[in-house]
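Chains: A, B and C, in written order; residue numbering restarts at 1 for each.
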Amino acid sequence: MGAPRLSRRQFILGSGTALMAATARPRAARGQARRGQVIAGLSERMLTLDPANHYSISSTSVLRHVYDPLLDVTNDDKFVPALAESWKPINNTTWRFVLRRGVRFHDGTPFTADSVVFTLKRVRDNTKLIKSFVYQDIEDVRKDDDVTVTVTTKRPFGSLPAHLTMLGMLPPTTGANEDAFFTKPVGTGPFRFTSWTHGDHVELEANAGYWRASVPKVDKLTFRFIPELSTRAAALRAGEIHVIDRVWPDMVSTLKATPGIKVHDIPAVEAQRWHFQLAREAGKDPRVRKAVSLAIDRNTIIKELLLGYARPVVSPVPPGLIGHTNLGQKPYDPDRARTILKQAGHQNLTLDFVLMKDLYPKQLEIAQAVAAMLGDVGIKVNIRNLEIATAREQRTAGNYDLFFSGWAHMPHDPDWYFGQWFTRAGAEKMTRFNDPRVEQLIAEGRVPDPKVRQQKYEEIQKILWEDEPEIWPYYSVAIYAVSDKLRNFEARRDYYVLLHEVAIA
Amino acid sequence: MRRVARHPMIVVGGLILAAVIVASAAAPWLTRADPLRPSFAQRLRPPQGFGAVHPLGTDNLGRDILARVLHGGRLSLVLAATAVALAAGVGVAVGLSAGLIGGRLDDFVMRLADVQLAFPVIMLAIAIVAVIGTSAAALVGVLALSGWVLYARTVRAAVLTIRETDYVEAARTLGAGNLRLIGRHILPNTLAPILVLGSSQFATMVLLESGLSFLGLGLQPPQPSWGLMLAEGRDYLSNAWWLATVPGIAISLVVLGANLLGDGLRDVLDPRLRQ
Amino acid sequence: MRAYLLRRLWQSAVTLVGVSVLVFVILRVIPGDPAKMLLPEGAPQAAVEALNRHLGLREPLWIQYALFVRSVVRGDFGQSFQYRAPALRIVIERVPATIQLALTAMALTVLAGVPLGILAAVRQRTGWDYAGTVIAVLGQSLPNFWLGIMLVLLFGVTLRWLPTSGFGGWPSLVLPSVTLAAFPTALVARLTRSSLLEILGQEYIRTGRAKGLGEPRVVLRHALRNAMIPLLTVLGLQIGTLLGGAVITESIFAWPGMGKLVVDAIFFRDFPVVQTILILSATLFVVINLLVDLLYTILDPRIRYG
């Protein structure tokens, strides 16, 4: 036979590998090479490529791959530098940002303070933009030098950094022709924009020159928009996509039973809230509100209907956010509820419980369960599951007693929640809430000092906890399902699907 | 009449329908379980078979499915049947007039149909609900509105065909007025497609009701209509298939009965076969 | 005939105008505020008002309509509220997927439904007829979403023979078109059977048989032609429905079609997109129904329009 000889094929392969190793670029030697394509299935369609023109959690998450904001928020609720290396409040109405050096946009133009000035002034001045109203409190944005920006505000704006985590920075050249810019947008992010098919999918490719080393780890990224959960899950189970978001509790067992798939869950920065209409007969009376709260068995809802994928509420602001505190859990006491109702003279109460179609997992089921629980203490509930636009009109008109809603804290700051729902101006076309003490505290809580804010928010929540203008039945849990091929996936509390660090096996 | 009673399709179809109707009407006697009351400990129990506590299992709130499908039958049967009858009634009347009278009336009515066809049912539902609120009547109205054009156009086409035939001409020459023409000659010949369409439409109506109720434009939970049961069972198809399958089977039974009945009646009433 | 055609064309124009007015008015009259749908729940009322003004929704109704007509004439159907891009472009992007699905489903309907109906009629009261009945019942009563999800679970997840969702290539067309075609196939089969049975009994068919022509030719040539009329009516309406009403199938299969687009737009109160689609849809129905009416006269020369 003779000595073993390399087959022709082996020889060619061998030489090829040697050749590749010899000419390999230094970058590959630094760490794991970038390769592969990741496909994510998201539940919500992205509607625009303009970071200033939407208020959707899902779009924020997608656009975060193309644009960088000044700062990011981590999954344990800390604010960390992104395009800004540091930031601090100079006084109650002034913030100063120091920017990162050496960052370039995808088209090569350098990122400087001009970009920040442009982006902030644009969102404030163009009132057609959806985010504009948030930034109306900005007085001026001044460029101190290429890497320093000073922002002055009309009144204290302690939550400005939090809002800025959601605003991607744009190159100043955008202003020349916005429509053209947004057909092929350019940011500083880890991925470049390739294409977008409205309502179907968006494709991105890696930005080799990203300012953070070894990010990203994949060549291509595709986000598919698949609102139907069973379809999303089927695509994952069939190996067509690698990660899905917004999984409902009942789908978990099916996914776990599928080989090659892992399910991740984590308590979210979201509290469900069912708000009373405080101008109607039922909502006006604090005793009725108390009775309703006592009659709802929150633990059963969490355990039986949400299969444990929810957490009991101990304060309106969820854990991880400034202002979270522990006020104890609300009790379940139907007997006391009945007594209170009798004393208050409300024997034959009827409540209209309005839901917005399809918004929250199992909401129809939960509403029916609540209707049964309230029925047990003598309150009749009419469930009105309406399509979203009609439901909102009914809310504005005040045509409801209890309204099924939730609040995911986006940005990671409760100031907006309080400002919208618990000030007179904010609540006037909604719940009609009006409490001067709370209003005062909210204004005082807007200062940048975190210790002051924590104290003010605790006081506010003590008042609300006692007054119960809303029912907070549970904190939501975010559930994701991921293919085993995907490495480094982090299940986020804010429902973002961020794929900067993931690699494909 | 004898022929009707002896035709196998009519007998079988009629029996099936009768069985479903009677079972739904007799729901409170056939099962003690409460179709409305949730029972969290009993959620999503699979069907246990004849004689068990939950023969057809329980749903996502622990309610007995057999009870819900029987009680729900009353609601769905009445709603869907009324809607079909209304759609057919209006559609046939319109189609007859358009075909017989022709000319401007035909044009106007058919263009009206074209206008309506352009509007998705959901939009019509939202508009109607906005005006008169959600109720069974609004729901029936929307359902009927979605269905009449099919009858109108089919009947009109049939009338156009028959209008010029010899025996109709002959009848006219003999002095038969329009009503007599309709009753004697035209209607019996258009009966076949009407029966087929009507018996097909029942299922469509229930499914449409399902979609609308789920969107908040029809019935509200916790009413156990078949449509709502289908809608709520949709999320559980991969892990609790019986939630949606049981009402689906109920609907199939009614469709089967209606189809057999419709086809059988068509066979019997076909004037040409009568000779 | 020429006079008839001209009359129909004129009426089509009137119909379209009527639809545009009706859509316009209905959208602005039903409850639901587009600005509220765009802005987050926590937006202040002032922002809502400002956005409504920007979108031109605070002008008097007739001014809004006049502006709309003026831009439509130039080919501009307005900016989609949702996507902030030209509404016409958003709608046209959906055309390829929609047409592929509708045509495939229609082809399946005819290719499966008509032969099934013929078989049932020709072999009336035998096993074939009853089997046909069972298939027809299943086709009519199986909910769209049930069939779709089951097919996906079987062929997509378990067997992995076909893609579970999405638009791209022939394999992804199979499951959605089968799902969409189920009901129309059943209906077409039943109608074919019923129409054929009627004709098969007619005098002149009997005469044809007597002349010694083979039975298949008798059936195909005379009977089918006349049975086509009710069939054509239904098919004409189904095409329209398939194009605009496939929303459930499109949702299950993440199919980027117009059915889902129009329903989403209605829920979102995206007026320009709804207006665009409905006007195009009305045009389509008008054209289809005109063609069907003309085809009637070809299939049955006795039909005349007065």
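What we mean here is this: a residue touches a chain if its C-beta (ideal position, glycine included) is under 8 Å from a C-beta of that chain, and two chains touch if they have at least 3 such contacts.
What you are looking at is a predicted structure, and each value in this text was computed from that prediction instead of being measured.
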| task | Consider the two chain pairs A-B and A-C; indicate the one with the greater count of contacting C-beta pairs. | result | A-C
| said: Let me spell it out: compute each chain's centre from its C-alpha atoms, then which one is farthest from subunit C's centre? | reply: A
| note | Between the Cα centroids of subunit B and subunit C the separation in whole angstrom comes to 20
| subunit A and subunit C, separation of their C-alpha mean positions in angstrom | 38
| CA centroid of subunit A to CA centroid of subunit B, Å | 45
| request: Mark out which residues of subunit B touch at least two other chains, giving numbers and ranges. | output: 126, 130, 234, 237-238
| said: By the touch rule stated above, which residues of subunit A touch at least two different other chains? | reply: 230, 387, 390
| request: Send over the residues of subunit C in touch with two or more other chains. | output: 30-32, 149, 153
| task | Please give the residue numbers of subunit C that touch subunit B in the complex, ascending. | result | 7-8, 11, 14-15, 18-19, 22-23, 26, 29-32, 133-134, 136-138, 140-146, 149-150, 153, 183, 186-187, 190-191, 193-195, 197-198, 201-202, 226, 229-230, 232-234, 236-237, 240, 244-245, 248, 262-263, 266, 274, 278-279, 281-282, 285-286, 289, 296, 300, 302-306
| message | Considering only the defined contacts, which subunit A positions touch subunit B in the complex? | response | 229-230, 233, 248, 250-251, 253-254, 300, 304-305, 355, 357, 364-365, 367-369, 371-372, 382-387, 390-391
| message | Under the definition above, what is the set of subunit B residues touching subunit C in their complex? | response | 102-103, 106-107, 110-111, 113-115, 117-123, 126-127, 130, 149-150, 153-154, 157-158, 160-161, 164-165, 189, 192-193, 195-197, 200, 203-204, 207, 210-211, 230, 234, 237-238, 244-245, 248, 251-252, 254-256, 259-260, 263, 266-267, 270, 272-273
| query | Contact residues on subunit C for subunit A in the complex? | reply | 30-33, 36-47, 50-51, 54, 82-85, 90, 93, 149, 152-153, 156-157, 160, 163-167, 251-254, 256, 260-261, 264, 267-269
| Any idea which subunit A residues touch subunit C in the complex? | 45, 47-48, 50, 53, 55, 127-128, 130, 132-133, 197-200, 224-228, 230-231, 234-235, 237-240, 387-390, 392-394, 396, 405, 407, 416-417, 419-421, 425-426, 428-429
